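Shared between the two complexes below is subunit A, which pairs with subunit B and subunit C, respectively.
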Partner chain A sequence: MSASWKKVGNEARLLLIGIPVLLWTLVPVYHLFLFAISERDSATSGRLWPKHPTLQNFEIVFQQKHFYLNHFWLQMFNSLVIALAVGAITLFVATTAAFAISRLKVRGGRTVMNIALFTYFIPAAFLAVPMYKTMSIYGLLNNQWSLILAMVTIASPYCIWVLKQASDKLPWELDEAARMDGAGPLQLFRLVYLPLMVPSLVAVGTYSLLLAWNEYLYAFLLLSNDTDVTLAVALGHFLAADDSPWELLMATGLIYALPPAAIYYAFKRYMVSGLTAGAVKS
Partner chain B sequence: MASVSFQNIQKAYGRVKVIHGIEFTINDGEFVVLVGPSGCGKSTLLRMLAGLEEISGGQILIDGTVVNELESKDRDIAMVFQSYALYPHMTVRENMGFSLRLRKADAATTAERVAGAARILNLDALLDRYPRELSGGQRQRVAMGRAIVRDPKVFLFDEPLSNLDAKLRVAMRAEIKALHQRLKTTTVYVTHDQIEAMTMADRIVVMHDGIVEQIGTPLELFDRPGNLFVAQFIGSPAMNVFKGTAQGGTLQALGASWPLPPGVAVGAGRELHYGIRPTDLRLAAEGGIPAKVVVVEPTGAETELLVDVGGQRLVVVMHGRTAARPDDTVQLQLDGAKAHVFDAAGGQRL
Partner chain C sequence: MTTTVLGAAAPKPLSPWTFWGRALVLPYLLVFAVFVVFPVGYGLWLARHPASYVKLFDDPIFFRTAINTLVFIVVAINLKMMVALALSGFFVVKRWWISVVAALFILPWAVPSIPTILSVRFMLNPEWGVINSTYFRLTGLDGPNWLNDPLLGLSFSMLMHVWKSLPFWTLILVAGRLAIPAEQYEAASVDGATRWQKFRFITWPAMKSLYLTSTILSMIWTLGDFNSVYLLTGGGPADLTHVLATLGIRYLRLDQVDLAMASIVVALPLVLPLVFFMMRRLGK
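Our next item is the complex of A and B:
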């Protein structure tokens, strides 16, 4: 009897914490959704459900029938290309670095990794201006490569660290067995290391992809042409007007939020195991 | 097949020396076991031979060729690891064929050699399974199969049976031995288990603190241990050893008189270590050395007794059974020719 009461007590406490957290998380998203399906006039009425819910806003967005949305599809495409490029390049840089540091035990590898991690002591916002300056020196301003390179720079240290921790957990004997079987470093990397790292690679790839997809500040600074910017920057432009079309902003935002949600949902199994791998020393 | 020769091999990690000049030769086709307590340097020596560990001094020769600077893969040796080290993402077939794949052997040769090794090791039915779907003994066999497929000059085994349960260990011991008799490939086998060493080896190398204590056939080591360490390490239960003083043809110790082996001439009054194997002590009706029984452990065919002589605990192993009970007094008899005596200072055999 007392045991079951204790269980009820525990459940109740969990609910007491869980319900506020759930509301806290969902209320903004619900507002986003509410705006997106409201008509222009009633968007800010404060109702919990619009009188005449409509999908008209989405139609406007998809058909680019508004001044701010003239390049919607192109900007969406820019976001996609940049995010994919950042994901791919970060994955390449981080995997090779982690392999070299963790498995080949390259001299000074750990120091390089620690120095890279050290950059996180400085908020990315402070580095925006130096980054802008650097990109201008290389003549990359207004070129999407500038944003891709900047995001790779920001994502890599964390990704290297996560992958290094995960690689440290692979048994060392596997490398030795492969060496005795006749594998050189590249064969070891391709035939043994990569297949065993797949969960962590998916996690790290997704992380950097989403980081780039959601980035606003650097994209805003480094790119200026309407045809070059990502959708995140385009969304920011909505706020330049005195009477912003909130319902369109929210509809676009909702569309913009869907791919990350889908990616996260698809890979969440890897995200949880991959990103926490190496969080604690086991 | 090949001979392996260690010439004044040394290993140091920074300033800490762990192997101090090891020198011996393994003949073609021989099964040699390196045995010793943990930390004695036996695994390090094996890893140096495998090319997984740098050689700090001396030379290792395989078939008369110095291999110090050769990469592991160019030494033509195969190793079975304690943890098996199977590639988790490959099937048994792929695991066994991996080395051939890296050597770009054609598919037909690979398939044939994998099938051949699988037949020898009874793995035919498991070729398409993944390592995680195998039992410990099966994994061990796959690890051996991976080595056999290579048809190397030398097989190396690094404590291959330590992860198996006792029963399986005995079975695998016989399997490895049978495999060696069939393939006749030079084999170096590392273990800390002296029974494994005794049962499997053509010759045993006993190591301790980075040096070789003694090299010999299992029975040589058992019958004539060269020093106190080997005497106490080889044999189970371990040899009884105690200190005493020589006097005439006997040794005075534990309040009794123990016969010295014939042919051992030591001056009266010299301090000695006296060793006698538990199986060389007998219980007699009378006229022996009185001992008080502490524990009686019948194991069926044999009975192990722990007895007390003058405050020293001795182990006696006798065939058959005994009526002796704890606290009884029994008489111990022994043959002086079966005794071993060692210098009290250096521990060398006299």
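Our next item is the complex of A and C:
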């Protein structure tokens, strides 16, 4: 009898933690969703479910029928292209560096790891000011390459570090066997290294892609033309006026938030093992 | 004779392994030189005049910002890490519904910050926000102007930061807890240890180092958290809720680059020791 009471008490205690945690997590997200499916002016009624749920806001967004949304599709496309470019370039830069350091044991590899780690720890907002000035010297301001290259700079140190940790775990015998068979460095890279590294490559590729898609600060500093900016910057424009159409902002925000969330959940397995193991080595 | 001299003078041909080792590390070194070394060097050069620092210290906003940043780092990060440590104990319990909660709990970290921060910003809107409209319906009184109060504004920015990054750190600490052998807890249960004793003598000693590393890493990164403050309060009211991350950008937009760089340089004595500490921990 007392044992079962103890069990009930234990379950109750778990629920007492779980329910507040769930509310804390979901309230801002649900509020976003509620606004996106509410008619203008009825969203603040305090109801938990709108009287007349509607998809009209999404229709306005998709048809670009508002001053703030004139370039919605183009900005969505910009976000996508920039994220893909950052993902691809970061993967290239980080994989080659990790391979050279970990498998080819290039001289000075340790130093390269240290400078990568150092860059990783510079707070991104601190680097933003000099980065902005530098891009203007390079003549890249208002050019999407400036954002792509800045994001590659920010994403690659961590990717190199994660990939190097993973490469160090591959058995040396594989390299030796490949060398015995007469493989050159590039064949080793292509035929042995890359196939074995796929899970880590997926993790860091996804990481850099999401980092670029989600970035706001660098995007709004480096790009300013309405036709160049990413969706993140376009969302920030809604803040310019007090009477902004909030329901449209929320609908656009929801559309903007869905792809990264979907990608995250699709690759969760890789992300969690790759990134948590990498983020803090205990 | 001549051949040996020539042979010694000519550069030794690189083995393909050495050649490709250098060639493959080159792309990153280029990125580093062009987009880290040059900007940082140029930034430090811009911040070379002592007059910039005099101007910076004369700016009352800077003083307020420094305090805000310290409060943010000391209060918000420690609060967040303690909650993450406690919650990691909740998430390792095996129940089907806890796995569901865990999957949803990641959401703040998985979605971009802008939509969710703006959602909270509108919740707190004094006239139309859901909080004050509900308060008005219930009491007939006007609710407070949440983000127009510096203390409340900064507190909400800190809560926003916690909301966004708590899942990530909880996940890290869950990984830490899962690495502790279950036998230790079983043995302790046999000996009749209480919940607190198990934490005090098994969990904490095993997690201490991970917890410290995570806290310091989170502090360094939080210095770069621009979104939680800028998108919620915009640094207002009257520039009283800025942190270093937003102040530098504010100076930049006012075309006072020397002040922007100076505000970053004065933070370096605080940041660099933490960075080197982290490099020694993770660089091994």
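Keep this in mind: the second predicted complex is superposed on the first by the 255 of 282 C-alpha atoms of A that agree within 3 Å, B and C clash if a C-alpha of one lies under 4 Å from a C-alpha of the other, contacts with A are read in each partner's own complex, and residues count from 1 in each chain.
The rule we apply is simple: contacts are C-beta pairs under 8 Å (C-beta built on N, C-alpha and C of every residue); 3 or more make two chains touch, one makes a residue touch a chain.
Because the structure is a prediction, the values reported are computed rather than measured.
Subunit B and subunit C, once both complexes are superposed via subunit A, fit side by side. By the document's definition of touching, of the two partners only subunit C reaches A:Leu104; subunit B does not.
Of the two partner chains placed by superposition, only subunit B is touched by A:Leu196; subunit C is not.
Touch counts on subunit A: comparing subunit C and subunit B, the chain ahead is C.
By the document's definition of touching, of the two partners only subunit B reaches A:Asp181; subunit C does not. Chain centres taken from Cα atoms put the angle at subunit A, between subunit B and subunit C, at 90 degrees to the nearest 10. By the touch criterion defined above, A:Pro171 reaches subunit B but does not reach subunit C. Using the contact criterion defined above for the overlaid structures, shared-chain residue A:Leu55 touches neither subunit B nor subunit C, since it reaches no partner. Between subunit B and subunit C in the chain A overlay, the least Cα distance found is 9 Å. Touched by subunit B in one complex and by subunit C in the other are residues 184 of subunit A. Here subunit B touches subunit A in the complex through residues 50-52, 71-73, 77-79, 81-83, 85-89, 98-99, 102-103, 146, 150, going by the rule given at the top. Residues of subunit A touching subunit B in their complex: 171, 173-174, 176-184, 187, 191-192, 195-196. Of all the residues in subunit C, the ones that touch subunit A in their complex are 16-25, 27-29, 31-32, 35-36, 38-40, 42-43, 46, 87, 90, 93, 95, 97-98, 101, 103-108, 110-116, 118-120, 122-123, 128-130, 133-134, 137, 163, 167-168, 171-172, 175-176, 179, 209-210, 213-214, 217, 220-227, 230-231, 234, 244-246, 248-249, 251-252, 257, 260-261, 264, 267, 271, 274-275, 278-279, 281-283.
Considering their complex, residues 14, 17-18, 21-22, 24-26, 28-29, 31-32, 35, 44-46, 92-94, 96-97, 99-101, 104-109, 112-119, 121-134, 137, 149-150, 152-153, 156, 160-161, 184-186, 189, 213-214, 216-217, 221, 232, 235-236, 238-239, 246, 249-250, 253-254, 256-257, 260-261, 264-265, 268, 272, 276-277, 279-282 of subunit A touch subunit C.
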